[in-house]
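One chain, chain A, links the two complexes that follow: it is found with chain B in the first and with chain C in the second.
What follows is the complex of A and B.
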């Protein structure tokens, strides 16, 4: 059959971010997808050599506006390892709470975008309505809705008092019942199932072969979560790794919804267990040495490498973000898919192009 | 009163933003902020758009795309630079791949500050854009009328 090439992006109604794919089609079926990147590349790793290592924290937080908090936290963890300081316990718990709030808002954002991608606008609005409450909590506790800038090398800059924490937890019950209603629509509604069930299948072998990370990998039946390494206060908290053997778009949706409820569970535990005490210890001097940090972002595992040579600038800063790893899986699931499913499949990896290209 | 002020269509494009402002632009469409109450609809098609919202500074790879989108839009058109990166390059100004703010590539009418720009300020920017759009349309109409009389 004659082949057609359809350019997809960089400006596309479904994607908030620019990504370009050349889709090779046979009739309505995708045969091959050829990606091209660079529309959001800024050159932030190079900026490490121009900025003071303390200032560079604010640049790192802007690698991505959605997982901004986790980027900042990972950078601080790396710097703390180089300096060899152990931050106070209270700061670790505060970091965990903010991390889980970020995960909640990121997963709710994804659920909304997914609903928008298959044309269910009411579901998009409902998901984002719940998300706004999470953003209000982030704003109450940090002062910023998305970019919070509360991390410091040596701890955190702001504390949350017990009244504020109790106030957050008090809202969770209502939010959970609202989310259960949404879950029912996402997982059992026949129109949603028709778009998601057995679409974009990535088998367990392929997930391993192509190095999928995060919910994409867990939806293919691999039980792995970087949080189990126990960074911040995760080592002292109890949570389940959500997996599914569905391997399709519906399974990815199911895993992310499961993770939302685990995040509520984690925050509840952290609020119960949080110790009193200092939130920051001063760190002085210039760093010398290298550190590697792995954190579990909403989209999967991110790896940071830092090398410092005793001057005020870092010698090298490198990030390997989850979307970078998941693009290979995306290119695996696109061939064979229907053309109309392409935006949906791109969304199921939860792409964050600004992370990927930096 | 020009008809366009009651139902302008808006389009969003990401110059090379960190995603923060993009998400806040989307948040403007959701129930809490609901920009559609002003008659503004988000469209994905530049040929149907009156207002262009650009987030993030422009990088060298994206420059031609931004220009193309701007040229595809029908006149009168208004460009809103959302966020400090779109206004001046912001924290990425010194990056080797960043050309600068959006005004280095296409003419910008409204600048919305903030990192990330708050939905309230984005809505304020869009409403100013709507007024400007109405003014541009009136000017264009009177210019056409004057031309007609001269003939």
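What follows is the complex of A and C.
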């Protein structure tokens, strides 16, 4: 059969960030996808060796807007490991609460984008309406809606008083009730299922082989979540790892929705258990040594490698973002898919090109 | 759970065999990256078995050509391609898709 190559991106309505795929088609079926990135690569890893390690925190937070908080936190965790300092317990709980607020707004963002991609405008708007309440909480507690800049090497820069925390939790019941109604539509509505069920199947074996991480991996039946390593205050909190054996786009939706409810559960526990006390301990000097940190971002496991040589600059900073790891799985689920499903399948990995183009 | 990180040094001659055994054991590839050293590269291969992280350190001379592990871990292709484009690391059989270009850069900016 005659093959046609259709260029997809780097500018495309489904994704405001630049990624280019050459889609090789036979009729309407994709037989191969050839990627090209690097349109907005910023050389941030290289910049680490030229900036003071304290100043560089502000750069790390700008690797990506949606994952900004977790990039900053992981960087601080790495630096704290090199310095060999243990931050105060209250700071660990505050970090955990902000992490979960980040996960909530990221997953709700994704649900809205997914609904928009399959043409369900009302579902898109309802998802983002709930997300706005989370962003309001982030703004109230940090002063910023996306880039919060509350992490410091040695703890956090802002506290949340008990009234604020109680106020957040008081809103959760209503939000959960609204989200349960949306969940019913996402997972059972026939028009949604027609677009997601058995589309973009990634088997458990392939997920392992192709390096899938996060919800993409858990939707293929692999029960792994880096939060179980116990960084920040996760070691003192209970949560379930949400998995699905569906392996398709619907399973990825199901896992992310399940994780939203687990985030509410984690924040409630953290608010109950957060101890009083300091939120920061001063850390001085220049770091020397090496640290590897893994954290569970909304899009999956991220790995940070930091090497310091006793000067004010890091010798090497490396971040492997979840999208970089999930791209290969995307390239493997596209062959065999219908051309019309390509935007949807790209979205199901929850791509963050800013992270990838660090 | 405290994170366990195992650090091991490895030579280019045994890299592929090590990876074959790791894959047979069920390790997944987390990432690969290069560090620049004087006239050498330090390559770090990160593998994970459930929550255990295994970091393999391999130091090679600048002109040493190493073997790709993408036949064992297909996802290694992107990491290897990144090391080739940004650092100029020489890797044999780096990509199953030789036309894949990750970064639109001239030369090797991190070499």
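Structural remarks
The rule is simple: the second predicted complex is superposed on the first by the 358 of 358 C-alpha atoms of A that agree within 3 Å, B and C clash if a C-alpha of one lies under 4 Å from a C-alpha of the other, contacts with A are read in each partner's own complex, and residues count from 1 in each chain.
In this section, a residue touches a chain if its C-beta (ideal position, glycine included) is under 8 Å from a C-beta of that chain, and two chains touch if they have at least 3 such contacts.
Just so it is clear, the structure is predicted and the values come from calculations on it, not from any experiment.
Once the two complexes are overlaid on the shared chain, A:29 sits clear of chain B and of chain C alike. Once the two complexes are laid over each other on the shared chain, residue contacts for A:184 go to neither chain B nor chain C. Of the two partner chains, chain B is the only one that A:146 touches; chain C does not reach it.
Look at A:17: by the touch rule set out above, it reaches chain B but stays clear of chain C. In the superposed pair of complexes, A:318 makes contact with chain C only, with no contact to chain B.
Judged by the touch definition given at the top, the superposed model places A:209 against chain C, while chain B stays out of reach. By the touch criterion defined above, A:132 lies against chain B but remains apart from chain C after alignment on the C-alpha atoms of chain A.
Touch criterion met: A:327 reaches chain C, while chain B stays clear of it.
Comparing the two complexes, residues 38-39, 41, 43, 46 of chain A contact chain B in one case and chain C in the other.
Touching chain B in their complex are the following residues of chain A: 10-14, 16-18, 38-44, 46-47, 50, 58-59, 62-66, 68, 109, 112, 124-125, 128-129, 132, 135, 144-147, 352-355. Every residue of chain A that touches chain C in the complex is listed here, in rising order: 34-39, 41, 43, 45-46, 208-211, 224, 226, 228-231, 235, 292, 294, 301, 303, 305, 307, 315-316, 318, 320, 324-325, 327-329, 332. Chain C makes touch with chain A in their complex at residues 1-3, 5, 26, 28-31, 33, 35-36, 44, 46, 50-51, 53, 55, 73-75, 77-78, 97, 99-105, 109-110.
Chain B meets chain A in the complex at residues 12-14, 16-27, 30-32, 43-46, 56-57, 59, 61-62, 65, 69, 91-92, 94-98, 115-116, 118.
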